[in-house]
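Down below are the structures I want you to see.
Both of the next two complexes hold chain A, though its partner changes from chain B to chain C.
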Partner chain A sequence: MKIIVEIDRCVGGGQCVMAAPDVFDQDDDGLAVLLDTDPPAGLTDDVQLAARLCPARAILVEA
Partner chain B sequence: MTAPPRRIVVVGASAAGLTAAESLRADGFDGDVVVIGAEPHLGYDRPPLSKQLLSGAWEADRLELLPRHRYDELGIACHLGVAATALDPAGRTVRAGGADVAYDRLLIATGVRPRTWPGTDGLRGVHVLRTIDDTLAFKEAAHAAGRVVVIGAGFLGAEAAATLRGLGIPVTLVGPAPAPMVRQVGPDVARLLGELHAEHDVDLRLGVTVRGIDHDDGRVTGVRLAGGTSLSTTCVLVAIGTAPATGWLDGSGLDLADGVGCDAMCQAGPGVFAAGDVARWFHRTHGTRLRIEHRTNATEQAMAAARAMLGAGQPYEPVPYFWSDQYDTKIQAYGQTAGADRFAVLSGSLEERRFVAVYGRGERVVGVLGWRSPRELLRARALVAGAVPWQDALAA
Partner chain C sequence: MTQTSESLPTFPMTRPTPFDPPEGYATIRDDGGLAQVRLWDGRTAWLATGYDAVRSLLADPRISADRGHPGFPFPTAGREALERSGRTFITMDPPEHGRLRRVFTRYFAVKRVETLRPMVQQIVDELVSDLLAADPPADLVPALALEVPARTICRVLGMPFEDRHRIQALDHRRNTLTTPPEEVLHATEEMLAYADALIASKQHEPADDLVSELVADQLGGDTVSREELIAAVRLLITAGHETTANMIAMSIATLLRHPEQLRELRADPSLVPGAVEELLRYISIFHISPTRVATERIEIGGHVIEAGDGVITAVAGANRDAGAFADADRFDLHREARHHVAFGYGVHQCLGQPLARVELQTVIETVLRRIPSLRLAADDDSLSIKEYAFLSLTALPVTWEEQP
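So, the complex of A and B:
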């Protein structure tokens, strides 16, 4: 699994942090921080959910 | 026991509609998914309209919610530029583009339409901002005008004013309330917003009623205020709220009092569901019907409605969320900051313009709002999710 965060789209909502806290965090401005660019397969559903929940569509997930 | 659906039709190709279509596939639905959208554009995101698209930072194609190839990969048949005009719930068909489209399950996700100023139809120089086409037309007019008058100081009016000031365009912001977004965020935060706009040289005319829009030869010439003042302009943005886009459902028998009335599972009638700005559903923990016009609700409710359409629904009980970007300030909130009767600052301060505030109704926390404090706000979300007693929130 490969994850790309388009940081200039990020609106700092933190939905990704709630959906996949092992993979995403926020910086002080709320912008998404990718903690793990290639997380284990067990987190796939969480990451897919984070991508779909993102209100700015800033997260791209490639299988 | 009803048969599992084979064909699901989604009316509305924006955030709620497309998320529902995507979620149906993610949840394993392998029947037909048909999306019908009134606009000619591939489904796009609306929050950037008043910000990145209006400012010119982004071109319109950056707003697309799904890249073109994803529609084929997901097997979503999209009919764009086709408005749904009627629903026959007994025959389970939607009338769209002169054809009857059959469904087993229907999702209504037609959103809202901007309210317009009475008597200004076809008047040049009077704009609304809801679509890409609206925004590009307004952007061009705003650059050509010496001054833009924004009528309405809610979310959209305040954000548009901030973006226009970022472009150096003179702006007058007019509204009947005493401060921007006061209905949404309460008087303390609204007062701060008013200061922010004043510091950016927005000409604030708040607590003032608009009497009328003047025009000459089919073109706007000014905005008349109560008390006799007249603001001369060739460009007016009308940002006075929205109404649910349910006209096409008249005669369907659905409950259409302020949106499409739904139960806790987002179901409006046999085989019929609704999500996003248009849906007024029963929020079980709030014990009342809510209709939420915020971006994250479109996504979350669409995901809930998709599951419900597949027979695996749960009552939809979100913690609402919204954000607003104005100048360099990000405001974010969970829960309901509108209609609260208590307000307190939890951390930071209004003076330093970095804080988390809590909103209460009666003895319970109903909302939290962060001003340039995203991480702290996320931690305070639990106060809303748990409807924590007011005293406990302050003691935390």
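So, the complex of A and C:
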């Protein structure tokens, strides 16, 4: 799994942190931080939910 | 246009009950998810009620939140006055929007808001203790629903508790759909003056609160002007007030109408966060819906939205779309509902949603635990809502067995 966060698009909604807390966090400005660029397969559903919930469509996931 | 505007359905649409979206939402959803409606001023706008249509329009860069655009649609005359005054980041488009919103995102990061949970718990515990100390019955709207967000916002922003009734009165005038435009403008001016004075007081005497922090972090810098900060603090005072208050009342009413699920929730508090997402979906508190204007021609669902056309995205319709939520009209606390659009979607999605979740989760868990015999003290069908921007119960009469 490959994850790309387009940080210029991020609006700091925190959806990714709620959906996949092992993979995403927020920095001091509230913007998304990718903690794990290649998370284990067990987190695939969480990561895909994070991408689906992101209001700014800033998260891209490639299988 | 194939129809004359006189024959179009009007917006806002009426609800058959507080708990059921307007029937017109389902009709439009079943017919492609998008249709034209007529507004109070005789203009037409597109009403989207399907999940896919609502999400794709709210995320579309050809859609603008600029209230100054001549084509921008407003659900009432009062709302036009409200939305065209006090310009904030919620009425801006990228990239200007991002510059200003990003000033405030850090203060609403999920983990930072989570640290407020003990403070919210204390506020809820005090209110429930006061409720139990009085004799039943009680109206939960003034006794609990309005007080939780009011006291929380006072604590977070550093406003004196006693100011909350004045703020609530102003907010109530602004959100009542029948308030004349000039009264809405007066109320908005008074709130801006209040925000201005609050900022000045924190400049003079900083304390441990968000407005003091904003003054220290932002005032005198080159990102935010004082005028922009005043407008933003006004937004912070009001945005999480009536939305959360009415969600609390509607959530408790919804649970009391589903006693088996309420019992299940009381027995297993770990279900509360999921139940809150389902309540957000099922209720969809923003009655008049997010509004936008198209800046370019958009083809969607077999329709053509022309540049300059108004667009209304009915989140209450999207959240009842069976294509996104199976058996969507059923309240089901076990449902995976996190993809609801109750907080909107796109770059303007609610900034304060982590705080709303903390308040809702805390109130529901505490009320179920401490008032286990809580029940409605009126007929279910006597519950009614006001002519209001949000789904606002006129009253929520409840009673309980007094504990020895």
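We take it that the second predicted complex is superposed on the first by the 63 of 63 C-alpha atoms of A that agree within 3 Å, B and C clash if a C-alpha of one lies under 4 Å from a C-alpha of the other, contacts with A are read in each partner's own complex, and residues count from 1 in each chain.
Everything that follows uses one rule, which is that a contact is a pair of C-beta atoms (placed from the backbone, for glycine too) under 8 Å apart; a residue touches a chain by one contact, two chains touch by 3 or more.
As the structure is a prediction and not an experimental result, all values here were calculated from the model.
With chain A as the common reference, chain B cannot sit beside chain C without a clash. In the superposition on chain A, contact is made by A:A19 with chain C only, not with chain B. Of the two partner chains, chain B and chain C are each touched by A:R52.
Judged by the touch definition given at the top, the superposed model places A:V11 against both chain B and chain C. In the superposition on chain A, no contact is made by A:L43 with either chain B or chain C. In the superposed model, A:V61 makes contact with neither chain B nor chain C. Of the two partner chains placed by superposition, A:V33 touches none, neither chain B nor chain C. The clashing stretch of chain B relative to chain C, chosen from 97-105, 187-195 or 223-231, is 187-195 in the chain A superposition. In the three-chain superposition model, chain A touches both chain B and chain C at residues 11-15, 17-18, 26, 28-30, 52-53, 55-57. Taken in their complex, chain B has these residues touching chain A: 19, 22-23, 26, 45, 47, 65, 295-296, 299-300, 303, 321, 323, 325, 330, 332, 374-375, 377-378. Against chain C, the residues of chain A that register as touching in their complex are 11-15, 17-19, 25-26, 28-31, 49, 52-53, 55-57.
Across the interface of their complex, chain A is touched by residues 59, 98, 101-102, 105-111, 338-339, 344-351, 353-354 of chain C. Across the complex, chain B is touched by residues 11-15, 17-18, 26, 28-30, 48, 52-53, 55-57 of chain A.
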